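We just call them A, B, C and D in the order they show up, numbering each chain from 1.
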Amino acid sequence: MYRLSIFLLLFGIWIIFSGLFDAFHTTLGLISAAFVTLISSEFFFADRSAGVGARIQQIIRLPIYLLWMLYQILLSNIHILKLALSPGDLEEVEPSLIRVKTNLKTDFGKWMLANSITLTPGTITIDIEGDELLIHSISKATSAGVEDDSMERKIAAIFERENS
Amino acid sequence: MIVDTICIVLVSLGLLFFVGGAVGVIRFPDFYTRMHAAGKGDTMSVFLVLVGLAVYQLGDFSLGNALVAGKILFITVFIMWASPTSTHALIRAGLEEGQKVWTRDDKKEESEK
Amino acid sequence: MSAVSDFPDWGDPNSPANSYRLSQHYVTETIHETSVPNMVTAVLADYRGYDTMFETVVIFTAGIAIIGILRRFGNDDKDAAKPTLYTKKPDLIIDTTCRLMIPIIQLFALYVIAHGHHSPGGGFQGGVIFGASFILLAVSRDLQAAQKWVPEKRILNLAGIGVLIYAGFGLGSLLLGQNFLDYAILHKIMPATPIEARSHSMLGVEIGVAFTVTAIMFSIYSNLASNGSMKEGL
Amino acid sequence: MDSFFIFAGIAIFALMLPILYRIMVGPTAIDRIVAVNVIGTKTTVLLVIIGMVFQRVEMFVDFALTYALLNFIGSLAAARFFDRVNPNKEFTESEIKEQEL
């Protein structure tokens, strides 16, 4: 079941790549997608305890979060622009390292959280050990923002709904 | 005509953010803060420029152009997906290598010398 | 510098290189003779098939040479700088990203190989990208994981098979009574017209090249990264 | 529209020059690697824009994707290199224990 859905996904990507729909190239696409599925399908969806249906539900819930993330990326770029173009000797820059605990269980949720922290204004995830994140923050205002756990709850609502 | 305007606006905004990233890479005081400029200044600007180009490509609508626009969007997704990871990898390498975190005090010491 | 002004303009159709009879033949007749829109591929894999075949052999030989120089068997390197090297658990973020990326990279590599006729690409480029996907696994986890996925013996077999595929197409046309690497005759054993046979054989040849390049890329990387011990490395 | 694309390409190219400063001066090696990574991202965008100027986007998009890919792999490999090859690195106690096991 997982293999079939991976095959369909890869074939969809092939169609975007290819742009030619004659029989010869479509056959090549089918062969290629099947070949990649054969040799490396275990790389997608490492944790297969949940069914395909649950996975699809998770994917459906994802876009809203991604849109919110896009807005955050815009904010972080404006933040960088403002800092970079501020005159004088960069009054606002006050770097510090912070350790934060997270309640997320799954690896994928942690990955999502770490990348989201990297993309939101003023913070970068340096390291992740167990459930502890080491974060570098660029100014005092953003250090305060790290303690806020709204992002974590958003991710938990997507990937770990049954736990909460 | 509308398509052209949208494209010009998006690409120009993207270039503006590129300026932010480039200036940040030069001006910021230590490795970690420069990493902030390098890692974040790029994502949104790449997104804006490439989406602008994809919109322009869609302006002259046909199946082939739509697929090319899809490919451009795929590059965007790829970069926004890979960028946080490479940022993380590089900054972690910097930490392992023993880069110092810059503070206000360093600045004062420098000026006293 | 004074001679630069006498050079033909960039892309000038009347420049000596372009007005030579052979070039004009390539430009005008490629599509009729081979039904391949991308002229470069046609010249590379068909008109100059010998060149490309021996380029593949050169890559193969280079890989073998590097293995011969670097590879160390046995446990005689026990005391070689072990204490400073230490293997770590794979980093969660890098590991997850690469895990999701590897199948897509492989698909892209196959796309580049398969569309060498229509857009730039072909065996060499696609092979490099495919090899990069193995290298990405070795970088994101460690060399052991990649070795488990594609063992050393299998990768060398693949390199050999790549050259054999190329030579096999040549021999096939030789057996059917034509010159070496003259693919048109292969239409007798392929369900295609002679012209299509040329284009399809070019694809087969590209696949052979891709096998060799993939295998040699990864084997060079793993030998260089692990000092030839194939145990630990980048 | 063509002139706008040419302008955008030149602007991106001009923005690479200040980053070259970081490559030449940059106090440590890893600063330089970061700068190379930034230039690589810009090059990806520049390739798509060049495709727009030459009216051959469908071709240049492939180049851009490949370049982005190799840039990513390159920076990961460089980071991994620094991760491991550092004779002065001091291990924490837990890490030493892990190694002894």
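The rule is short, and it goes like this: a residue touches a chain if its C-beta (ideal position, glycine included) is under 8 Å from a C-beta of that chain, and two chains touch if they have at least 3 such contacts.
No experiment lies behind these values; they were computed from the predicted model shown.
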Chains touching chain A and chain C alike, please list them.
B
Please work out which of A-B and C-D is bridged by more C-beta pairs in contact, and write that pair.
A-B
What whole-number Å value describes the gap between the mean CA coordinates of chain A and chain D?
20
Could you give the separation in Å between the centres of chain A and chain B, each centre being the mean of its C-alpha atoms?
17
Counting only Cα atoms for the centres, state how far chain C is from chain D in Å.
25
Expressed in whole Å, how far the mean CA point of chain B lies from that of chain C is 32
Quick one: which residues in chain C touch 2 or more of the other chains?
91, 93-94, 97-98, 100, 108
At least two other chains touched by the same residue of chain D: list those residues.
58, 62, 65, 69, 76, 80-81, 83
Two or more other chains in contact with one residue: find those residues in chain B.
19, 21, 23, 35, 41, 64, 68, 71, 74, 82, 84-85, 88-89, 92
For the complex, which residues does chain C have touching chain B?
91, 93-94, 97-98, 100-101
Give every residue of chain B touching chain D within the complex, in rising order.
4, 7-8, 11, 14-15, 18-19, 21-23, 25-26, 31, 34-35, 38, 41-42, 46, 49-50, 53, 56-57, 64, 68, 71-72, 74-75, 78-79, 82-83, 85-86, 89-90, 92-94, 96-99
Show me the residue ranges of chain D that touch chain C in the complex, using the header's touch definition.
58-59, 62-63, 65-66, 69-70, 73, 76-77, 80-81, 83-85, 87, 91, 95, 99
Quick one: in the complex, what on chain A touches chain B?
13, 15-17, 19, 70, 73-74, 76-77, 80-81, 83-85, 89-90, 93-97, 114-115, 118-119, 121-122, 124-127, 136, 138
Per the touch rule, the chain C residues reaching chain A in their complex are 91-93, 96-97, 99-100, 102-104, 106-108, 110-111, 114-115, 118
